[in-house]
Structure formats: structure tokens, C-alpha cells
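Across the two complexes that follow, chain A remains constant while its partner is chain B and subsequently chain C.
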Partner chain A sequence: MSGRFQGILDTITRVRGVRGAMIVACNDGLVVADSLMEGVRGNAVAALASSLIKHAANATAASGAGAPQFLHLQGSRGALLAVSGRSEILIVAVAEPSVNVGLVRLELIRAAEAVN
Partner chain B sequence: MADDVKRMTAELVRDPSSLVFLRLGEVLRADGQVEAARKVALTGLERHPDLVDAHDLYARILVDADDVEHARRVWNGVLQLDPRHQGAHMGVGFLHYSRGDLDAALDHLELALAADPTNKSVVQALHAVRDVAESVVSEEPEDAFAGFEGQDRGILLVDRQGRALNGNVLGTEGRDTKDEVAAHLAGVTQEMERTARMLNLGEWKWLIVEADNGNAHLTPPDAASLLWVVRDRDMPSGRLALLADRAGAAARTWLEAQHL
Partner chain C sequence: MTRTYAVDPWVEKPLATFVDEAGARLALLMTPAGQVIAQHGFTRAVDVMAAAALGAGIVASTGEVAKLLDEPLFSVLNHQGERHGILLGGFDTPRGRMVCLAVYGPESSPGIVQLFFEEFSRDVRDACPAPEAPKQVLAADFERELNESLSALFRT
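So, the complex of A and B:
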């Protein structure tokens, strides 16, 4: 992973409660770069986040809301957050359930702009 | 009644293979002696395992003992052996009615009536359930989300199979897209469940999507339904979550009314 991507992802993983962050190619769900805690399955996160945002895009488009920019799936034991960047990439974070969602969202948006 | 019980018990002692156990079990059941009735029915079933009326009796005793799931299995077994068995259709119809599934209850009661159109108790039960079903339909609110802020933009309640239940969503150019959205939401939910399971996120609670022209919020008001709330981008996602909470409460009220 290049130092540039590492620095971008580190700003996300520095937020308390974030277990990992990654840059994902949206088309095929493959990992471009990652910064993950031990136990977080990077390939699975990338594939699932990519697939979920595609399904969500069908629902938002049919609802007249257009394409997703930010997605937040909240579970009882954790959360998945993703921001769409340009160039068909996603910035994804996996976090503890009590994470500061607003802060992670901001860092994801900044990371997407930096990658762009 | 005590004399009847004594007489039938004596007959069973004299001839253990007698079918009088059916009548004896029924009398004991009607008298509230559930355990005694259960013993009589099980003893009879040991001697007559293929006698569907004995299984039917046993199922009714199980209902009296609050063992509803066991009763359902026994009656389903009876209907496999005898698809026109009136008692079993009555029993299964009763179980559906108890769960609030009036359509299924009516189906079974109509089959019970077809087996013997002269049975007055079946006729009475059928009329009673039809009356309840009609009253539920007449009380059904037109819109579960009437009066909600921006309700026309998008509040949609769907089932997990992707069918719209209540509410509406407008797509681009104001087109009604609720059926399309409902179908997509079933796919989104399956994908969320898969994601939550594989990433150890626990049970999913909600999904928020901020999109180009609107924000959306998906929650499960109960185990069988999904609620999709969409608003324009000028409603922040935190406020949208509060609106979705209130809409979820309205959805649950509406769903409970459907099950009465």
C-alpha cells in the first residue's frame, strides 16, 4: 500500500471505536488499500460493502433520491459505514456500535476527497 | 357425567380395544380433566395408532394443555392421512384464528363445512370468524402514516418478501414507485443480514443512506416487516431517524390492528 493511502486511512482509524478502514473498488468489490485491526476480514468487508451499496442504490434511485453518497448500517455489535468517492471507489470503515458516527462520516468524506 | 365416566371406564377395562375411549377422552376434556383425558387418549392411540379421530382428540387435549405447536403437528398429520377430516380442519382453523390469521382460519373452516355442511358448530364458527374478518377490514385505516410530515414523499411499509403493505414512495417526476422500491428493499435487507452476519455486526438495527437528491432510513418495525422513510437532502439524517422512529410506532400500531 502506498504511503499516501496509508495516511488517508490512518485519519479514519484514529477515530476511537473504528476497527478498520479501507479503500475499495466499487465495481468489483476488491480491496485497493486497507488499515485493519486484527480479526477484521478485509476481503469480506470490501465485497459486502460494495454489494450492499449497489443494492441500496437500486432502492434510492427508485425512490427518486439518486445515487448513494454515504451509507451507515448499524448492528447491535458493530457498524459499517461507507462513502462513495469519484472514480468508482468506496471508502469504508468498520466500527464499534458506540462509535461517533458523525466524526467517522466526516473523516470518510475527507478521505474520499483526498483519494479523488 | 360421573356415571358416564364410570360406565365408559368399566367398558374400557372389560375391553381395552374398545373405541369408547374416544367418548371418554372427550367427556374428561370437556370436564377440564386434561391430564386424565390425555392418558385416555394416549392409551387409545397405542392400540389404534392409525385412527385419525384418536389423533384429533389428542390434538384438542393438547390445545387445552396450551401445547399449541404440538397440537398443530398432530392435526397436520391427521390432514395428511385424511385431507377432509372435519375435526382437524376445525382445529387448525382455530389455531389460525388464535394467531390472528383470519384468512387461513376461514379457509380451514370452509373445508370443515364442506366435509359436513350440516354441522351447526362449524356453521357458527364460520359465521363468527367472517364477522370478525369483516369488522377488521372495515376498521383498517386507509393510510397508516396519515398526517406525517411529508408523507407523500416517501414512507413505505413492506414485508420481507418485497411486497408493499402501506404508505407510498414517489420516484422521479412524482411517479408512484412503491412496488419497485418494495422489491428492492427485500434485496437490500438480505444483503444487510448477510453483511451483519459475516462481519459479526450482530442484529441489524437500521440503515441510513444519504444520496444525491435525498436521505433514506430503513428499519424493521417488527420481525416480518421493513419501514423505508425518504426525505429530501435538506432533512438531516439525525432528524430523519427521529421521524423514522415515530413512523415505526405508527407502523406497529397498524400491523397490530391487522392481526386482531
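So, the complex of A and C:
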């Protein structure tokens, strides 16, 4: 992975409770760069998160809300957070349930801007 | 309704699940030589035979490229077009190597198809019965077996 992407992902994974971060090609659902703890299935998360964003885009478009910018999916054992950047890029974080969502969101937005 | 048809019944369920989960429009499971084991979405035998022959040709070509690079066989090849993409992936089973050709549209993605292809290859490996003892191939049986396979693949 290039040092540039590594640096961007490090700012996200430094947040307490974040188990991994990824830069994903949104149209393809493929991982561009990742920094993940062991046990996180990066390829699966990337593919399914990009699919989720595409479906969410249909829902937000139908409701007149425009393109989705931030997605927060809270599970019983963790959370998935994603921010869409320009250039068809998605920044994804996998976190523990107790993570500071606001802080992760801020870092994801910063990361998306840095990638753009 | 589009159906999944297989020469060997044990492969029908894994292929149907793969097509459903990956959002593939067409799918073909075959041997690297192009012998079709199962298909989904094709309506004409001629299309199946053409797709199988072309897929087998690509597998053979990329296999030779892998040899030139001193690499083991490539497992997955992905081509993305404007409206459709194809995934061509190979995996080993107790009955030898198998190749899957999947065609998908914009409602799916290379990542999704690849993800579920990995699960599909595991499902096929798990469901695959032990290899049969090799039989002598007789010219008289060839046409009958070919017709039986085509009949199974299209329920004619």
C-alpha cells in the first residue's frame, strides 16, 4: 500500500474502538487500501458496503435527499461506518459498538477529502 | 422465470445460490476443457456452447501467461464493460478443476461477484461427490451422453 493511503487510514484506526479502515472503489466494491485488525474480512466488507451505499443511494434519491454522504450501520457486536468521497471512493470503518461515532465520522470525512 | 439447470444435480443448488446472491444474469459451470456442468440464464444451447468454448479459451490463454510468469494458475479474471461484466474463476474439486463464467450487470459489482464466487467454490467443493472410476469412451455412447447433457441443461 502506498504511504499516502497508509497515513490516511492511520488517522482513522487511531480512534479508540476502530477495528479497521478501508478505501474502497465504490463502483467495483474492491479494496483500494486497507488497515484492518485480524478477523475482519476486508474483501467482504468492501463488497457489501459498496452495495449497501448503492442501495442507500436509491432510497435517498427516491426521498429527494440526494446522494448518501454518511452511512452508520449499528450491529449488536459492532458498527460499520462509511463516507462517500468524490472520485467514486468510499471510506469505510469497522468499529466496536462503543466507538465514538462522531469522532469516527469526522475522521472519515477528513480521509475522504484527503483522498480526493 | 430463469432457471438453473445442471447435468449433475448436486451442483444445481450451489449455482442457484451463487446466482441469487451475486446478482449474476448468466452463469456457466464447466471443466477447463469447456464441458458444461451447469448453467443459469441461457436459453439456447448454441449460446451455452459458444460461451463455454470462449471461456475455456480464455482459461487456457491465461494459464499459458501464468506459466510464462512462473506463477500458479490465476484463480479469477474480471472484465468490466459499460453494461456488463464477466468473472471467470477456477477452483479445484475432488472431480478435478472447474471453471465458472458469470455475467453480471450494473446491479452487481466485481467485488460482490468475487465475494460470492469464493463461497460458491467452497459450496461446490463440499457438495462434490468422490470421483467416478474412469469409463471407456465409446463412440456409440458419445452422442447419447451429449444429448442427455444438453437435455439436462435445457430440460428439453
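List of remarks:
Heads up, the rule we're going with is that the second predicted complex is superposed on the first by the 116 of 116 C-alpha atoms of A that agree within 3 Å, B and C clash if a C-alpha of one lies under 4 Å from a C-alpha of the other, contacts with A are read in each partner's own complex, and residues count from 1 in each chain.
Everything below uses one rule, namely that a residue touches a chain if its C-beta (ideal position, glycine included) is under 8 Å from a C-beta of that chain, and two chains touch if they have at least 3 such contacts.
Everything quoted here is computed from the prediction, not taken from an experiment.
With chain A as the common reference, chain B sits beside chain C without any clash. In the superposed model, A:G42 lies in contact with neither chain B nor chain C. In the superposed model, A:S50 makes contact with chain C only, not with chain B. Vectors from the Cα centre of chain A to those of chain B and chain C enclose 70° in the overlay, to the nearest 10.
In the superposition on chain A, contact is made by A:A67 with chain B only, not with chain C. Touching more residues of chain A than its counterpart among chain B and chain C is B. Shared-chain residue A:A79: touches chain B; no touch with chain C. Of the two partner chains, chain C is the only one that A:D28 touches; chain B does not reach it.
Taking every C-alpha atom of chain B against every C-alpha atom of chain C, the smallest gap after superposition is 10 Å.
Counting contacts as defined above, chain A residues 44, 48, 51 meet chain B in one complex and chain C in the other. Residues of chain A touching chain B in their complex: 40-41, 44-45, 48-49, 51-52, 55-60, 62-80, 94, 97.
Across the complex, chain A meets chain C through its residues 24-25, 27-31, 43-44, 46-48, 50-51, 54. Those residues of chain C lying in contact with chain A across their complex are 80, 108-112, 114-115. Partner chain A is touched in their complex by these residues of chain B: 154, 169-172, 177, 180-181, 184-185, 187-188, 191-192, 194-196, 198-216, 218, 228, 230, 237.
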